[in-house]
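As written, the chains take the letters A, B and C, and residue 1 is the first residue of each chain.
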Amino acid sequence: MAVNGNGSGDGRKRLPVVDEGALAYDHPLYDTLLNVPGLSVATTSLDALLNWGLMNSLWIFPMATSCCGIELMAAAASRVDLDRMGTIVRATPRQAEVMVIAGTITVKMAPRVKTLWEQMPEPKWAIAMGSCAISGDFYRNLYAVVPGIDTVLPVDIYIPGCPPNPEALMQGLLRLKEKVALRRAGKLPPHDDRPGMLDVTRPSIARLLDPARDRALDQQQEDSALNASSFDRSDEPEDGEERAPDQLPDAIASTPPAEIEALLRDEFGVTELAPKDGAPVVAADKHVALARRLRGMGYQIFVYVVATHFPEKTGKVVAPERFEVAYALRTVGAGSKLVSWRLKLEPGQEAPSLVGVFAGADWQEREQWDLVGVRFAGHPDLRRLMMPDNWEGHPLRKDYPADKACPPWR
Amino acid sequence: MGYFIDSLKAMATTFRQIFRKPATYEYPEVIRPRAERLRASFALPDDENGELACIACMACEKICPSQIIHIKSEGKRESPVTGKKRQYADTFVLDLTACIGCELCVQVCNSNAIYMVREQEVPGFEREDLVLNLERLRANAKSKTAAWAKGTVLQEMQELPKAEKKPAAEKKPAPEKKPAADATAAPPGDEKPAPEKKPVAEKKETPAPAAPADATPAAAAPAEAAPAAEAKAAAKPDAEAKPDGEAKPKEAEPAKAEGAKSDAAKEASA
Amino acid sequence: MNPATQSALIHGAVYGTIVCLAVLTSIAMGIWFERKFAGRMQSRIGPTYTGPVGLLQPVADVVKLLQKEDIIPRDADHALFNLAPPLAAIFSLAAAAVVPFSAKVISADLDVGVVYILGVGGLMVVPTFMAGWSSNNKFALLGGMRAIAQSVSYGVPLVLATMVPVVLAGSLSVSGIVDWQATHHWFAVWPILPGLPAFLLFYLAMLAESNRIPFDIPEAESELVAGITTEYTGAKFTLFYMAEYVHTMVGSAVAAALFFGGWDGPFAPGLHWMVLKTLLIFVSVYWVRWSLVRFRSDQLMDLCWKRLTPLGLGLVFLAAAFVQYWPGGAR
């Protein structure tokens, strides 16, 4: 397994199989007990009984994060009926033997999965159900996805499929029964290394523990990420033709109502409108005052704050790097009106926080800082919200490489 | 009170259920009929000469969104059976651990050398147990039931829209108002609007000789929209009245359909 | 110690042991039956792999649960955490002491048997809340809180429903009530007006006391993970699990004794009748469980205080009026 191109075997540790003969029992009672006539028969049958109990009562803890979870539910329902083999689903990890990881595990979720796994009492087993749980599927090179749950906890059974059907899950549980019996007997489950696949050079599980990580591929991904925001203009109308205006209801259209427009122009000195939807661009220092003013005018719902990173080069357009932060407020009740505005920020410039005006801005601003890297001046608790606390970088910036390294998974 | 009545109803339902036959298929012993399109694993079949059909053209390796197919070939060599020179896949590894079952590899295969099977692989104790190599893939071809289609079949299914494109492109430069005018000229109550139009449609077809016959009405259809819609009412007597050729009633159907479609399009644009 | 006390002690010990063993065995089979029964209601089959038609499934479950790791959360209150499961098992079994399974099979024929049953049944809330509090887990604590609110509230309709046979029979002894029914009528049959509604009231309150669907909000899997048992593993969870079933089983036996004449019945020995009636009520609990959905907390309180409690008061008055004014109804 030295040069396993498929990358999965060499990184993980096999669970050691206890060699009963090699263990030293120093206590003198042990020898005495060994010589009691009939005791070995009794212990063997007791062991068989205990093993029989284990094998026939495998309760599931469903770690279902996505579509495989639906198949997991279906497996407990009438067609397949896992209850036939004594398997029921328990909601608490304390009373389950088998954790079925059904779905994509993100790096934020992984520590939680690990915690839940550790909360399960021994003896316990894990089943990775479906491609995402086994290897991270085709998200495995993505910054936020764990490339296989077996990098986090020891997996006993891998069920292929996307998703596996309920019968496959049942087959997996039956395989687990085999494994339980084998382990109890001190044997390793059968495994052959199949040398035929080892000479494949390009690894499927690319990023995981790959010493010869392909820098060119990294660069390529970075480039494609940078160019991803260029607009595809092929479906735009040719000149001369008129395009029907976007059918937005009044409440959603972002051009401000007339009285707000006047207010913005006269009091807040707005001259610039965003090109696409005509949202006013407000200067950063007047922005909190504007929010407070609008709130007094009845715009009491804080709808969103969304930041976007514009790199230097967007497709063919070259412009100085900047961040745009879009805000939207809404009035309460029927016939609700919406007003939105933008801030344009230089790299490193901070946006004044609106937490003092709208409490609802708290988490939204945290999210924008976490993902895009816009700092909000005066925010009381600017921590990461979506990504793990030890994450480096801001994944929704356009210059963020798609498979950026983040310990311990990449 | 309503709650209690509903509760009694619910209990009656569950009670009746007790005497019905359970819906369960007892899985390892009884296997539920697998759907025709169930795609669980892969197989590499042999060709008619008993050799591996795969010629290592790498089409599947390139299209695979999960990048799980790895093929290596040592180049062309003579076939021991036919004596002709051809390429062989000497290593074919398919990593089922990251497969999403999209069947794209099957669709791009021109030599029908890979297809999906309905029976799933046995769950493995290690990730490596789910990596299919050449031997396992060939064994699958012998032991497992094929899913619904192979490469060339899937490609044929997708050819229709391609054929339609050509005449549509030709239509663009010259907006055909003539046939439309013809059609409107015909009195709506007349029995012959549809048969008149058909010759028009056939004329339009002739500029694109390569296009298959059933694509032709589509080309002329937008122009015909209005009359075809009128013809709808008269379609039945029409078809009965003109049994002069087999082709005509046949063509009437697609023309009608297309007419209806373009009608809808017109309304939408209006 | 005088001879009478001595013989009562021996009698109690012998019959108590027999009744306990019988109840425990029957709940093991009850669990198997419930899983099969639930399976058939859901168009499934239920356990088949373990033993003939899955009969050994509860045994396998217990064998497995007993060899699981015993986890006590670090911040839990160890003493209470360990004490709660056995207490739950003891209190749930204790009520069985005064239930007459036949004219002779009764562990302790108390004069105030009904009061004893209500008292011991009310005690069940103590281990429940001990478990919820000591686990140091928010779900367990919420479950414990809900259990207290529910048990205390539903204790009132339970007492009122129990009062009806007490008033009708003029006795607080369970065997006395059964005797009266054996010589007259079963209370669920006659007088039908306070009798049958009182049984339904008792049944609902019993479901609530033993935390069964539709009153299982202390467990409420979808909201509270596993309620009070969230942190319990292996053997301790087994005790809770068992206590829950025993509570239901004993409740069914009490209902059979108070309203359906207990061991009274034609053609067969009394024990058979009692067991049959108990099991029928026990099964009906599971029939309800697998058919209905859970009440919300506020609906639960609404049902108890605004509907069931006034109904119970009315029924007690009716029973008293029946005894006083119905020709032949007076004792």
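The working rule: contacts are C-beta pairs under 8 Å (C-beta built on N, C-alpha and C of every residue); 3 or more make two chains touch, one makes a residue touch a chain.
Remember, it's a predicted structure, so these values are computed and weren't measured experimentally.
A.B. asks: According to the touch definition, list the chains common to the neighbour sets of chain A and chain C.
C.D. replies: A chain counts here if it touches both chain A and chain C, which gives B.
A.B. asks: Which chain has its C-alpha centroid farthest away from the centroid of chain A?
C.D. replies: Chain centre farthest from chain A's centre: C.
A.B. asks: Taking the mean of all protein CA atoms as the centre, name the chain whose own CA mean is closest to it.
C.D. replies: Chain A is the most central one.
A.B. asks: List the centre-to-centre spacing of chain A and chain C in whole Å, with centres computed as mean CA coordinates.
C.D. replies: The mean C-alpha positions of chain A and chain C differ by 46 Å.
A.B. asks: Once you find the CA centre of chain A and the CA centre of chain B, what distance in Å lies between them?
C.D. replies: Measuring from centre to centre gives 34 Å for this pair.
A.B. asks: What is the distance in Å between the mean C-alpha positions of chain B and chain C?
C.D. replies: From the centre of chain B to the centre of chain C is 61 Å.
A.B. asks: Residues of chain B that touch two or more other chains: which are they?
C.D. replies: Chain B, residues with two or more chain partners: 22-24, 26.
A.B. asks: What parts of chain C, by residue number, touch at least two of the other chains?
C.D. replies: 39, 42-45, 48
A.B. asks: Please list all residues of chain A that touch 2 or more other chains.
C.D. replies: As it turns out, chain A has residues touching two or more other chains at 78, 81, 84.
A.B. asks: Flag every residue of chain C that touches chain B in the complex, lowest number first.
C.D. replies: Its residues touching chain B are 37, 39-45, 48, 214, 287-288, 290-292.
A.B. asks: Residues of chain B touching chain C in their complex?
C.D. replies: It comes out as residues 7, 10-11, 13-15, 17-18, 20, 22-24, 26.
A.B. asks: Across the complex, what residues on chain A touch chain C?
C.D. replies: Chain A residues touching chain C: 49-50, 52-54, 56-57, 77-78, 81, 83-86, 90-92, 94-95, 97, 119, 121-123.
A.B. asks: Under the stated contact criterion, what part of chain A meets chain B in this complex?
C.D. replies: Residue positions touching the partner: 4, 6, 8-9, 78-81, 84, 127, 131, 134-138, 140, 148, 150, 156-162, 164-165, 167-168, 170-172, 174-175, 179, 189-191, 193-194, 196-197, 199-200, 202, 204-206.
A.B. asks: Show which residues of chain B lie in contact with chain A when the two form their complex.
C.D. replies: Going by the criterion above, the answer is residues 22-28, 31-32, 38, 40-41, 65-68, 70, 72, 91, 93, 95-101, 120-131, 133-135.
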